[in-house]
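Each of the next two complexes has chain A plus one more chain, namely chain B in the first and chain C in the second.
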Partner chain A sequence: MGLSRQKYDVVIVGGGGSGLRAALQLSEAGHHVAVFSKVFPTRSHTVAAQGGISASLGNMQEDHWLWHMYDTIKGSDYLGDQDAIEFMCRKASEVVYELEHYGMPFDRNADGTIYQRPFGGHSQNFGERPVQRACAAADRTGHAMLHTLYQRNVSAHCHFFVEWMVLDLIRDYEGVVVGVVALEMETGDTVVFQAKATVLATGGAGRIFQSSTNAFINTGDGLGMAARAGIPLEDMEFWQFHPTGVAGAGILITEGVRGEGGILLNANGERFMERYAPHMKDLASRDVVSRAMDQEIKEGRGVGPEKDHVLLKLDHLGVEVIQKRLPGIREIAIKFAHVDPVREPIPVVPTCHYQMGGIPTNYYGQVVAPKGDNPAEVVPGLYAIGECACVSVHGANRLGTNSLLDLLVFGKSAGDHVAGWLATNPQHRDLPGDAADQSVARLSRIDKAQSGESVAAVSASMRKVVQHHAGVFRTGPLLEEGVVKISEVVDRVHCTAIQDKSRVFNTARIEALELENMAIVAQATLVSALARQESRGAHARDDFRERDDKNWLKHSLWYLEENRLEYKPVNLQPLTVESFEPKVRVY
Partner chain B sequence: MKFSIYRYNPEKDEKPYMKDYDVELQHTDRMLLDAILRIRSMDDSLGLRKSCREGVCGSDGMNINGRNGLACITPLKDLKEPVVLRPLPGLPVIRDLIVDMSQFFRQYHSVKPYLINDSPPPQKERLQSPEDREELNGLYECVLCACCSTSCPSFWWNPDKFLGPAALLQAYRFIADTRDEATSERLDNLDDPYRLFRCHTIMNCVDVCPKGLNPTNAIGKIKEQMVKRMV
Partner chain C sequence: MVREQEKLRWRSRRGLLELDLLLERFLANHLETMSQEDIKIYDALLKLADKDFLDLVMGEMLPPDKDWETVLGKIRKA
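After this line comes the complex of A and B, so read on.
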């Protein structure tokens, strides 16, 4: 096939929190690991996480992993798989302590323990009152965590392929994943990497929305690769809208602001969350707060000349608390909203933030897909972790701080499981003859196209469709129209042309490849959302306002081939404790 | 708005040149990166790195009207026209605004930028007082954008021997951490006429750091510790 080849025990695609945690587990165990990243690892989007990482350490007041588990299940609107949620919440303290031992600069309490702050949806004693569970490094927790993990990987001599984009998975004739095809940006070379195990850790695809807190690199590459390899995408209708993105700019303002005591106000100066969530108020879960904000705006109580946002007030916390606990937020507000929060409130609006769905896995990180009677047959050799995966611990709505936890718990868990897989599968399997054909064809189309629409124009159309047709509130007709429009966008994606045909660091080519991945995710989102005739978590339908457990307590599985859907049951059976039965969700 | 941008594609261009652009901005374009993306939507061959677009990932460091900074947090309204954009100075150019940062990262890696503590870890967290933790403020926030090191004349002359402000800031980040047990080894590693002592406190690093950090101060503290252990 003409391309050069390299061999590693394990290929990890993505150098963010989960990829680095998995790499560390394997590198420290002495395996030959290659981590691929489109950007230098510390530039991965984990770096932008602000508020904290959850663990029931109990440093501030009594806490228990079982309460954390309950909060996570309730937060997921009962769509989360309870085995995986128990696994994550029980492991939380262990992985946070490990991170501290690696050098994570957590904030501290007077007794020297890790400082924890309150966060939305996290409670004591099964919803009684807010609890301080979010372990924080000021409002730069993700930055501190990503750098700490990278640093530890440097000491473990992990091998990084920096500024490489992985294009496609290689599956052999038995369906085993045997490696990847990757493109080196600096040279434009395409190389086949043979691996005994492949781990996808490519993060989310929040860039499919017009208004997003996500980085430019969050283009769902792993989801595109999986879908092209015949693997379904799970629960893609569920996208989290973070309540507090800076109005107009989309930059994230951590929920930790409300954790520290900040409140949301409408145009009348009213703390409206008291009406929507009498107990948790501003610290209700994100889907609830975002919908309440949208409702206020819709009913004319928005702020500003267009009445299109609300205000986040925190000046009452005092300059000392703001400077100590929320210094990054102050910086962002001054730069992007032109207000100093020690004096004025920050204009905020719900903004797309997190992808709850993804590549279906079990809690070992193994990718699973229906086969025959088994809804969760393992795809041998393939793992997925972090935001690109759907374990599912977040279900229909993720709790703040559970994303960083997810990265550590399942990064480590997948690392351990891969090590076991390597012990029983010590040999590289043969590459199929057509290993690189798909990638080569994709590149060749982009290189040869002489005329066509620009990638920027088609990307803009895609973002507009997704934003308008799959936003905070959805309706049948809106989604139906969205499904048609996104199909048109998908057709246009395959007819784009780039002007720049050079090999060296051709960012236009990278963006064209990314758009192919994003279009797949966008289509999965709209098709899955149209089919789900209920409101659950972040998926709110004006025409089906209630949660419908009788018909819809199940996971969606979207297949690229035929653009079709299947479903699989939610796992309501935890590992050791009693099941939490679905209840009406109030905060 | 008018721009003059450094262009170089090694496959086509014998030598670099400056290309002029005149771009119509929208009212939503507030930062320099917004304007560059407008230019890119007309000319997709303009190469630059970018990611978070909020100043935390450190990708889009470049030389803006003669001064290093991050494009995504540089407000357009503060810039004099034509806005002159060049790659970060002192590093080899791969293409356009994209520089080869290998040397920069090699220096970073050489300070062993990770916590060294060989004592068996406790069951829970290692304790650290809030005061000791505060010593890390102004150090751990570095985004490795290289704006500081590539504005430092000492780094331009000896990029292979002088560590540069970014690496030295990280060296001190671990020296200052009460949980780290390798201070003496770290100081040995820096005790060299070039690695540390080529810093002549010119303070360009402090002037340009987009995160408001002070590498010169950290370098001063390393020197203090060296003196302290000599007496």
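After this line comes the complex of A and C, so read on.
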């Protein structure tokens, strides 16, 4: 099939924080860069980040990158790779100051230095006392970061392909990645983009859960592309949950509500947290509260016709406290939960928030996969950064504010490494004859299908399976059943049909393609979670309640082909400092 | 023009979940029957940064043009 072709030095798939940071590094060095995004770049999901970005600037109290490193490793429940974590924490100040120089409007102290907020998990001197480490731009940190990076990329003549959906990677016969196939939404045209290096920066896949804080665009496309190209997905059993998302909507209700005295109730009106955490009660840590809520729901004490949520009660605080100390909460509850919290409780459920796993990479952003004796052989020409990648700096559990940092550090580092790769690989490699076959076949199936299930119905089934079987609290039987159910969903995904056959802005067609990617991520999640017989970080097994370093201090690698797992060791060896040996994680 | 509507539908995919949810309901109720005038306003709203758009919808910011209120009102009520 004669598709049109274009050539760039580098193709970057994704215009969120990580993609834009990598693009900047390369565009400013004079390379010919194409950035693809499904939506206008500054509408990438990075815009949702409010909390901040961590760096041990030490502007508030004494701080040190080694303490940040310790906090990150402990937070990861020792599943993070210590070389990558050292790399990230050491680079943090540099990338934050760079962003400041690019014009990022950080909040400031009276003396003009960047103001830093307190945030859970940030400590001084290896857990001794809290330290303020989060840099923010009011509640618009992600928004400001995207706008700052986008403007600078435009000045550097980076080429943007906006409202294009990348469908698949192209790998040649030696396994080198030589470009991508992409679909232009406005015309419906499919185009082959040949590149010397390709960078995936497609963000997370949080939409595989029924209850998710993620925007609709977070469908894990990069993970689908990698998996279809024979690359494994790493640690997909690890998803971070936030305890209080609005039931049925996912919008986050800040922890501050419980801080001000809000309490959680089950169907019997019981303040159940008193049973699970007698001291901290509703203020226990995120994972403890999430698990307790999930257990109440599983044991039939959930609220509502489906008994599928619990209640967050704050009316006893009074209108004034709610208005004054929790600004915006009342409006959010009215708009998204259809209750006025001044009178009625807010229905809430533990909600999927962040994907710790992803496409395996090293700290240069190079995608790596096992080959022979080498557990981390480089896939030439391919890089992955941001939430779609697993470096792994977040291990089994991400520390708040470390994700935005990850975007900048590894975006930049991948950019630098790609520049080096271009110097030694100055020519485009030939495209294989079957370059676009996979994408064309996927599109033609969707276009030709005359009858079949709707994409919406299959998506709903997928989300329900993932939510119920791979939610906060997992057991062997529940996961086993989930693995069976998700393969049934996968079969249905390939038998969907859409009514709209037009080529121009065909949202239905895009959603069908996105569902294929989500189903891959969902299957990886369930299969990896069933196999891991321990509890670590965000992966909590009722039947294996302890962390098991003897058997499970290792990364999962799931392969689409054969739906099978392999494992690779965790790198406990930092770059220059002593290793942090696994210890029991207590806060 | 139907395809113009489809373009608006895609552009209603945002970076903020709050907007995704509100616009999904708004489109379900109004997309097919929107006047040319409202389409113009909606298109202008879609060009805003997500944070500004959400602030307008939540009534925390005033629109630059009073006429926008008709569409904003429908989004709020959706």
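General remarks:
The criterion applied here is as follows: the second predicted complex is superposed on the first by the 485 of 587 C-alpha atoms of A that agree within 3 Å, B and C clash if a C-alpha of one lies under 4 Å from a C-alpha of the other, contacts with A are read in each partner's own complex, and residues count from 1 in each chain.
The rule is short, and it goes like this: contacts are C-beta pairs under 8 Å (C-beta built on N, C-alpha and C of every residue); 3 or more make two chains touch, one makes a residue touch a chain.
The structure presented is a predicted model; accordingly, all values stated were derived computationally and were not measured.
When both complexes are overlaid on chain A, the residue A:F216 reaches chain B and chain C alike.
Of the two partner chains placed by superposition, chain B and chain C are both touched by A:A48. Comparing chain B with chain C, more residues of chain A are touched by B.
After overlaying the two complexes on the shared chain, residue contacts for A:I510 are found with chain C alone; chain B is out of touch. In the superposed pair of complexes, A:H555 makes contact with neither chain B nor chain C. In the superposition on chain A, contact is made by A:D111 with chain B only, not with chain C. Once the two complexes are laid over each other on the shared chain, residue contacts for A:H147 go to chain B and to chain C alike.
Judged by the touch definition given at the top, the superposed model places A:I498 against chain B, while chain C stays out of reach.
When the two complexes are overlaid on their common chain A, residue A:K335 makes contact with chain B and with chain C alike. Looking at chain A, you'll find residues 39, 42-45, 47-48, 140, 143, 147, 186, 215-217, 249, 251, 328, 331-332, 335-336, 500, 502, 504-507 touch chain B in one structure and chain C in the other. Contact residues of chain C toward chain A in the complex are 3, 6-7, 9-11, 13-18, 20-22, 49-51, 58-59, 76.
Interface residues of chain A, counted against chain C in their complex, comprise 38-39, 42-48, 140, 143, 147, 163, 185-186, 212-217, 249-251, 328, 331-332, 335-336, 500, 502, 504-507, 510.
Put simply, chain A touches chain B in their complex at residues 39-40, 42-45, 47-48, 57, 96-97, 100-103, 105-114, 137, 140, 143-144, 147, 151-152, 154-155, 186, 215-217, 248-249, 251-252, 328, 331-332, 335-336, 454-457, 498-500, 502-508, 511. The part of chain B that touches chain A in the complex is made up of residues 9-12, 28, 30, 40-41, 43-45, 47-59, 73, 75, 94-96, 98, 101, 105, 109, 112-115, 117, 121, 123-130, 132-133, 136, 140-141, 143-144, 174, 177, 179-180.
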